[in-house]
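I've put the structures underneath this note.
After this come two complexes, each holding chain A, first together with chain B and then together with chain C.
After this line comes the complex of A and B, so read on.
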């Protein structure tokens, strides 16, 4: 039995710059394990510990994901070993080619019981990869997973549904997209970081062709709303508060 | 010359930033400072993630790292607004690992692991500040027991610590003969009868207590001797250089914290229709602050590198402590100036840094003592 976590090596959004036109520039942002993926790793670690099995990370992307720093960053967060597919053709790849390569990597891991993924990648944010991967593997896919527990060999999955939640029992293998607040990832200490350099990493060549990728031909920033420039006289605080609430209601904010 | 960090150092600093983001927010620091409360939650988080035992040998449950890494961590904690004293217990443990017996070592380690200070460092006395040889606390042997008598002052953490590493002179040793050889270190439980603790009221460093400690016929055992009798002074000095450097690294971090706040403010605050950062007088401050920070970093990291390479740092560590203490105060003072009135309120953490930084020119050896140490040693090289 093995628990797999798919994770991405992506630019750190905290280092992004926003150009005056509103476009986000990630080109100079240092890469890191994509923001929400450590949550999936944490959930995976707990599950693997409950089952007493191995936690394997899979990551696909451009050549930079095979760099020692990328490997150690992921492994220090609690993975036992890593399978990577690093290929120029996967640089900046969209959801479908990424899922195809991930399916290949997952296929190399024996006896996979579950593949966990983060809520979405921090740079693309398509929320698609886990579902496409599940489709390729022929497994069920559940998103917005708030909690996963082991019940014997089965999984009990709690997931958000509308404003409520749902508990699902999964017997066979599945792909789960873990919600960003499902767990607080542990902070790697020096021991974990030093150990990460010694954990096994398998680098697979990309097998076969990747599906063609749709081309982005235009982008528009979120249009900025015009400023209201309304002034509220605050001499009478009660009246001012009422006026503010009324104005916010009128604009549909409240 | 390679100034780059290793992957491991970068990952460690990233982890640390993540931890501090969660456990050391500005509001939390403000609250601890206002309530004069030790930041226990932060210390617990640091211990849980292994930072508490960073630099401690593996056989004692720690993770050994080089001096450069220790300094990087100390710098980062303060750079993110954390207090300097939550890190560096490894160095106090080092004293005990080197000189303590198994029992003392275990007791010290258990305290550190529980987020408490390993011990109170007990050397300063009312008449013995810079001049440690004036220490008058005595130990006397009577009926198979040892009795400590004296008055220690400026004892950091005396309210919270379970033990004191107490420097005392042999009551029997007559006169000034063999002055330094008369000092011995003792492991004194702070809850022993005869120990009285009275907190001092300070203008800063509110998160950590500093106290007067009176020792009146405090009875301890022969086994409470630390290291070698008569070698107390030398033992005390053994780790001073790296401890000074740790202070310097923290001061570098404090300066960077204030600098970041001031530089951000300069790009936002508008007066006379422009950001204040567009005025050359503000740019001059920003530039000189940055220059001092770079100098501090170079001194700290190069000295750490020398320690890791087995070189002597007697002069370097004194220079680093002296320069960082002075420059850190200058940088923080300029940061307050850039923030204007807001900087003088408790809403701006620069005001806390301003108060906390001042003591760094006094504690751990004053500026003047650093000059005394460095000056005479530098001149020795030129003696004809």
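After this line comes the complex of A and C, so read on.
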């Protein structure tokens, strides 16, 4: 029995610059383990410890994801070992080719009980890779998962449903995207980072053809409304409040 | 000619239907849910309405493979699903079966024969890209409201096998429901708010303003000061109020994409260089703890 966590090495678009023509420059955005993926790794670690089994990370992407820094960043957060598929064709790949490569990596791991993933990636943020992966594996997928436990051979999953929650039982394996607040991820210390360098990593060549990717035929900036950015100083909070109220009344929005 | 497929798991699919109609292709809906959902979908202006039967104690996600089989069999061109977890589970399986691209953020879709042109916002909404797909494509878009009923087409029942998932227990929320989408004025709080008790301050301002209270994601997920259906942004709500007052929210792009369509935006922040200060109409530089009571008082006088 094995717990697998899919995670992404990705840049944060908050640090990107967008040229007037809409071309995105991510060269100053340093990649990292995507914002919410450490939560999935933490949930995975607790499950694997509770079940007394191994926690295997799987990650797919461009060649940079196989670099020692990327491997250690993920391994130091509590994985036992890592399987990566690093290939130029997966750089900036969409949800479907990414999921196809992930399915290949998951297929190399024996006796998988559950695949965990983060809420969504910091760069694409599509919330789609887990469900496409589940579709490829023929397993169910559930998102916004707050808690997972085992009941015999079944998984008992608590997930958000509307503004409340729901408990679901899955017989057999599943792909679960954990909620952003499902756990507080540990902070890797020096010892964890040193130990991470010694953990096993399997690098798989990308097998087979990837599904066709759309061709980019145009780029544009986002047409943002011109906003006034009128500065209101609050040295005198009451005067500032009166100034804002007057301005909003003049705008006709109060 | 290809068919535009609509995946229906909840009543709010008017947004999908609008997109579908603009494509001018035959439309078909595949419905996962109770018969009444299928019956109302059949009156929503689709050419065909396929229903997978009563779901019993299986959640929507249990029908992902069944939905994928139905769509794959129906000459799919564009496949549309709403931006909800359950609908994403279904459309993900469709993309897997068709080995088709699955995308979010579409602002425009056109078809030309089997080619689909999608203009969409990428990387959380920092830029736009137009992409050409030669074959089917799955799009996740805002579901929108409940469609207006019109003439009905027959509901065609299809036998479907559910994956091995069952609902064991529902735990509805006791939090009051707030109509954020319909609110003309919204006051939103971010991590600048230090404690849950301090929400009282915000509530008083909201009351004086006649506004609904929303928040940034960490306030709902993390500190848990407000329910999850109150946060605004790329993973949360998209709102278009007349006025949006952001208190102690830094204004990262994942948040601001949710209120780009707002009328007037006011940002209150101690940090004059916070990103929100560049995406607002009024940049109030100061401490929300002193400014909010002053604003509530000014509104009442």
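By definition in this document, the second predicted complex is superposed on the first by the 197 of 254 C-alpha atoms of A that agree within 3 Å, B and C clash if a C-alpha of one lies under 4 Å from a C-alpha of the other, contacts with A are read in each partner's own complex, and residues count from 1 in each chain.
In the analysis below, contacts are C-beta pairs under 8 Å (C-beta built on N, C-alpha and C of every residue); 3 or more make two chains touch, one makes a residue touch a chain.
Predicted, not measured: the structure shown is a model, and the values here were computed from it.
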item: Which of chain B and chain C A:229 touches, first, second, both or neither; value: second
item: Touched partner set for A:241, first chain B, second chain C, both or neither; value: second
item: First (chain B), second (chain C), both or neither touched by A:188; value: first
item: Which superposed partner A:127 touches (first chain B, second chain C, both, neither); value: second
item: Touching partner for A:160 - first (chain B), second (chain C), both, neither; value: second
item: Touched partner set for A:32, first chain B, second chain C, both or neither; value: first
item: Partner chain in contact with A:59 - chain B first, chain C second, else both or neither; value: neither
item: Superposition-derived comparison: chain B or chain C, residues of chain A touched; value: C
item: A:76 touches, of chain B and chain C: first, second, both or neither?; value: first
item: Residues of chain A that lie at the interface with chain B and also at the interface with chain C; value: none
item: Residues of chain A that touch chain B when the two form their complex; value: 32, 68-69, 72-73, 76, 184, 186-194, 196-197
item: For the chain C and chain A complex, residues of the former touching the latter; value: 59, 61-62, 64-65, 68, 83, 85, 88-97, 99-104, 117-119, 121-135, 137, 140, 163-173, 175, 177, 185, 209, 217, 221-222, 224, 227-229, 234-235, 242-243, 252-254, 260, 263-266, 272, 275, 277-287, 290-291, 293-295, 297-299
item: Touching residues (chain side chain B, partner chain A) in the complex; value: 7-8, 10-12, 14-16, 18-19, 22, 45, 49-51, 54, 63, 65, 69
item: Chain A residues within the chain C interface of the complex; value: 13-14, 16, 18, 22-24, 94-96, 99-100, 119-120, 122-128, 130-136, 138-144, 156, 159-172, 174, 179-181, 211-222, 224-225, 227-234, 237-238, 240-242, 244-245, 247-248, 251, 253-254
